[in-house]
Amino acid sequence: MIDTLRQHWASGAVVYNAWLTIPSPWSAELLATAGFPSLTIDLQHGLIDDPTALHILHTIDQRRCPVFVRLAWNEPAAIMRALDRGAAGIIAPLINGPDDVRALVAACRFPPEGIRSYGPVRVGVAHGVAEPAAVARLPVLMPMIETAKALEQLEAIADVPGIDGLYVGPADLSLSLGLPVPVDFHAPPFRAALSQIVAVCRQRGLATGIYANPDIAADLAALGFNFITIVNDGDLIMKGAIAALRGVGAS
Amino acid sequence: MIDTLRQHWASGAVVYNAWLTIPSPWSAELLATAGFPSLTIDLQHGLIDDPTALHILHTIDQRRCPVFVRLAWNEPAAIMRALDRGAAGIIAPLINGPDDVRALVAACRFPPEGIRSYGPVRVGVAHGVAEPAAVARLPVLMPMIETAKALEQLEAIADVPGIDGLYVGPADLSLSLGLPVPVDFHAPPFRAALSQIVAVCRQRGLATGIYANPDIAADLAALGFNFITIVNDGDLIMKGAIAALRGVGAS
Amino acid sequence: MIDTLRQHWASGAVVYNAWLTIPSPWSAELLATAGFPSLTIDLQHGLIDDPTALHILHTIDQRRCPVFVRLAWNEPAAIMRALDRGAAGIIAPLINGPDDVRALVAACRFPPEGIRSYGPVRVGVAHGVAEPAAVARLPVLMPMIETAKALEQLEAIADVPGIDGLYVGPADLSLSLGLPVPVDFHAPPFRAALSQIVAVCRQRGLATGIYANPDIAADLAALGFNFITIVNDGDLIMKGAIAALRGVGAS
Amino acid sequence: MIDTLRQHWASGAVVYNAWLTIPSPWSAELLATAGFPSLTIDLQHGLIDDPTALHILHTIDQRRCPVFVRLAWNEPAAIMRALDRGAAGIIAPLINGPDDVRALVAACRFPPEGIRSYGPVRVGVAHGVAEPAAVARLPVLMPMIETAKALEQLEAIADVPGIDGLYVGPADLSLSLGLPVPVDFHAPPFRAALSQIVAVCRQRGLATGIYANPDIAADLAALGFNFITIVNDGDLIMKGAIAALRGVGAS
Amino acid sequence: MIDTLRQHWASGAVVYNAWLTIPSPWSAELLATAGFPSLTIDLQHGLIDDPTALHILHTIDQRRCPVFVRLAWNEPAAIMRALDRGAAGIIAPLINGPDDVRALVAACRFPPEGIRSYGPVRVGVAHGVAEPAAVARLPVLMPMIETAKALEQLEAIADVPGIDGLYVGPADLSLSLGLPVPVDFHAPPFRAALSQIVAVCRQRGLATGIYANPDIAADLAALGFNFITIVNDGDLIMKGAIAALRGVGAS
Amino acid sequence: MIDTLRQHWASGAVVYNAWLTIPSPWSAELLATAGFPSLTIDLQHGLIDDPTALHILHTIDQRRCPVFVRLAWNEPAAIMRALDRGAAGIIAPLINGPDDVRALVAACRFPPEGIRSYGPVRVGVAHGVAEPAAVARLPVLMPMIETAKALEQLEAIADVPGIDGLYVGPADLSLSLGLPVPVDFHAPPFRAALSQIVAVCRQRGLATGIYANPDIAADLAALGFNFITIVNDGDLIMKGAIAALRGVGAS
């Protein structure tokens, strides 16, 4: 299942992702049913708690739809917890340099390579592996590029062995570059940063991910992004509700 | 807050309602924030459990947005539980005749008028009332018209004192009349039933509610419905997700 | 533990009970720690949900403090669920006559005596019994006297074999008798009803319970009540909070 | 998936079932992973609450392992709730005669055949059907034979159209027949009852289920039972724990 | 709402706060209803879990009653999580010097000022702001003074820009100063420390908070404290229960 | 209760422990009922969330069965949270040297000895102590030996004052030593490490714990281990289920 994702990228395909912030497996199940090839549980800004994150993993991981976890913080206990529970990938926020990435990778690998504690309780159930090397190879690892510091050390970050791609957090990156939110994807300095990230990833065969929306998706795909978050469960409700109220002239 | 709803109807306004099936206060809070003037927790077909229903009432009832509960079954313990917890209204499914409606009303009124047990634990907090008559007058009561039997006894149902309106369940009504689901709102026999319900309500000053969607809302308002459910939280996610995937050519 | 309760009553002692409405084992544990010899989970007007009721039983039943369940409704499935989970007693609301009491008792006894399904999953753990007759004898059964109808049939109700006492719901009884809430415990017709209930219980060796408060407790004990609820967890918070704000001149 | 179950029975195979009483999707997932071809959520004597029952359905129903719900009571609201949420089958307790079975079947069928309300919220997601006739045909229906009354009306019960089999509750049946618990499966009157049930089912092409254990399973299969519950999650823990303590000489 | 709090302090008023340790929105709602102008969720010593903390924020923040979060630890992920979810203020425990305070402030401010990640998911809903500077200005920040080290660096702590006040943890401060618990508020060295903290705050226009109780509140207000926690939900239950049992002669 | 454990070890007895990974108090209660003299909540690799860990402590700690918490990470906030809630002991993972142990001990002791914040909210309820020194002395502290680094510094680790024993994590230790998982307890280098750990503990009067299984328990007891985890709740289900399916010829 996870290898399917890697093959997609290898074949040049774009993977569209849905972002989960509502604490319920039901909204997650609806997004998987709608056809999304991957989902991401947002443990940073989302309202999803720890037991519900596990329920979502329980619910989705038999559907051939890999579930990523976006961490609240790049720390080993949180990384190991997500992986033991069957997360197919990790999106790590606020990475500032190669040391942060090395810490991420080390938390996913068993000794002597890394520092991960062995206890793949749900991994065998979710992904059918238990052998340490197989367990360690499983998760798709994506450090986030969303600070000016990370941009300065972009090549060093991308050179750390063990990662599958980089994932852009546009709002944080924009603020960190002194640019506004809501993000202006067309602002030249922002666009330059995006192009640079795509280029660095391409040179190394890494996937390039970004949090986006349906309006900007085609543009970002054209720019070279191949892992694009196009919906957020809460936004779908909010935008759909506002549109419905407008449609009946009630807002 | 609830009286505002009654005043809206008295003034001829249409109230647009949002339907809750996702077990989370967050999706409910988003719909209230989007501007819906009322919400309905669906305890029948929705995936909302008892503690989450209470969390939704806790969350929404300070927002001047009345929260209805659509019961799983027209039974007194469930009615009293919803009302004690602060539900602003009750939508009672599968009503077949005036006896069912009398049972509904009796479960909302204290002795000697009815059989309700006195214990308005959250009502004072949510609506600022504790005096029995005030507590009993509070909830908006809406028996559902969704069976052929109910249609046959429509006037007797509408004549039961104490109700505020009738609420149409189109899918069940359609099946019960030997018509298909998905519902064809334009099928003459179905339309005739809707017109009959509107007429019976109008004669008695009752509100007329229906579960619908944005596409059919204007048509139903023109027909005389003034409490129209136009969105369902799960549908907003499913439809929005499918539209987004189509927009990027990924479905 | 439960027999201790019966022995207390047999010895002429008054048992003071605390009422649980907050959905948390912690508030229950505090009340048991404070020294209450029994607690009652209120599934009718309280805000306690089904999984939390179980957590409270898990938490308290090793503390030699019997936990009663006040049902939302006198129905067999709810009675059996409470008993299987380890409830030490049942307080059944809105009893109107001896048939209601016979239904209550039947739901607690196994065939051929009653209709209870055998599955004492937590009873062995909580109370150390599994043999059907012992399991059936365990719970303290208390029909509530809180309607005018029940008062009319008081002797017939009290004569139903298998019950341990009667429990008065003062607010409902007051409303049902055409008297006000808040309850006036000193109103002659109300007082007459209480005296009648105590007398009927005494003649039969039944305990006499009532929902009350600290101010009226001594008076009710003098009247002959020997199972008196004197605190409600939510009231302790509300009254204590108001007193504290008054104490600092902030209300 | 559910049809696979029906085909198994049609082909003469025995289906071994695991019984769920622990309120967690994780213990359920372990039993599905161990290889059980069906699971049953026990809402009657188990400690599983409503939201956890839904989590278990979310978790298991993509694993090609049908999940039954054993109801707390044979009532339409509970039946419809289980089916809307994706239960693959219903095991209905304490059936006393054909009227009870007709009520069960009616609660699973839409008008005009039955009284089920249309709202297959998770059924489409779990089983890929939404058309009313397909939705109604889906669940495997098994009335329980566990009272002397049911035994007396066995043929009338088995003749009600729409059921897939009968399921024996041995403890209740034993008590109801004046026999002991723990059940003596070899007691002649009990064995006679079992043989009679198997014979009645075979004549009608119905499956014959029973709650059992590994020791008695082969015997019951030889008797003709083809849906045999052999493990209960709580018992596996209790028995395994006791065996382990004995193994180290610590009990 | 939050600015109201700042205005109260600016006008010289004392704000009385209630402390939440019971994991339920209901006890929180009762305290807000009782009239408290602010509440604090104790994530350090309280028994409140992460999803319940969110439910409390959902429940209270429409009541014009700011909700503080007392962190379990002064760490950026926890600070950002509380703020994204709508906390009106942060009380940060075990601060030892100005570096700890600078870390606290940085976690609340977006780049380039701080390191906070932008994702004010519930802030717009709870407080009506989304613009980064407005979001960052919102929360009331209160480092705790409860160690001897903090007392030594009191002025340096109070000089860190961006904080609204200091909050005293008396039990920890007492132990750290070699004094006993329960705290003796009248012990000269303890009193000297309190006076010093008040003086340092006054010079800088900072609020001065403290965890206290009704008996000592007037004294502390006289000393200059203007944010005084006078009740704790669990204590209200425990003390009220003991008083009630004493009142009936049962303890 | 905890002192009983220390006395057991002092008397030369072996304590057999059960490991909890299923998020339910019910499976924990079954293991305590089965006779285990101690339980451990695994917050690292188990699927137990924070509120369920509290429910387990609520449930078990009146049963004279001490409940340990195995931390997800050796960090002070997590240690203090477990202790405040009534954990009888701490098993700290991935200890690499004496500094890690000193940090563990400091987080359990109040100033001036350590850095623990005073707030023993449930400790008084669970263990009957509130006085700081008594509270601090209570928990059984067990650093884990499961890395090559820890083995190198074994004596220095064991010499840190305040610990009660060392606990071996065999899988991690095996991987860290370049040996396989599943662990080969008989491999000479692994066995040498175990012997060394036992010897170092014995010299200092420390208990020696290890995560094991029933098959190897006698061997490990003979080697000198006196705190041996012999069952894991999830394994009991998985192994029992597979054995049952094999027993009926269905796997």
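Should a chain be cited, it is by its letter among A, B, C, D, E and F, assigned in written order, with residues numbered from 1 in that chain.
FYI, a residue touches a chain if its C-beta (ideal position, glycine included) is under 8 Å from a C-beta of that chain, and two chains touch if they have at least 3 such contacts.
Source: prediction; values computed, not measured.
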Chain F and chain E - chains in contact with each: A, C
Shared interface partners, meaning chains that touch chain C and chain D: B, F
Farthest chain relative to chain D (centres taken as mean CA coordinates): E
Centre-to-centre distance between chain F and chain C (centres being mean Cα positions), rounded to whole Å: 41
Distance from the mean Cα position of chain E to that of chain A, given in whole angstrom: 35
CA centroid of chain B to CA centroid of chain F, Å: 53
For chain E, residues contacting two or more additional chains: 21, 23, 26, 30, 33, 47, 49-51, 75, 122, 234
Pairs of chains in contact (touch as defined earlier), listed by label: A-B, A-D, A-E, A-F, B-C, B-D, B-E, C-D, C-E, C-F, D-F, E-F
Residues on chain D engaged by chain F in the complex (per definition of touch): 14, 16, 18, 21-24, 26-27, 30-31, 33-37, 47, 214, 217-218, 221, 228, 230-231, 233-234, 236-245, 247-248, 250-251
Of chain C, residues touching chain B in the complex: 21, 23, 44-47, 49-52, 72-73, 75, 93-94, 146-148, 169, 171-172, 175-176, 178, 181, 234
Residue ranges of chain A touching chain D (in the complex, touch as defined): 25-26, 29-30, 33, 55, 58-59, 62-63, 122, 124-125
Chain A residues touching chain F - in the complex, by the definition given at the top: 49-51, 54, 76-77, 80-81, 84-85, 110-112, 115, 117-119, 121-122, 132
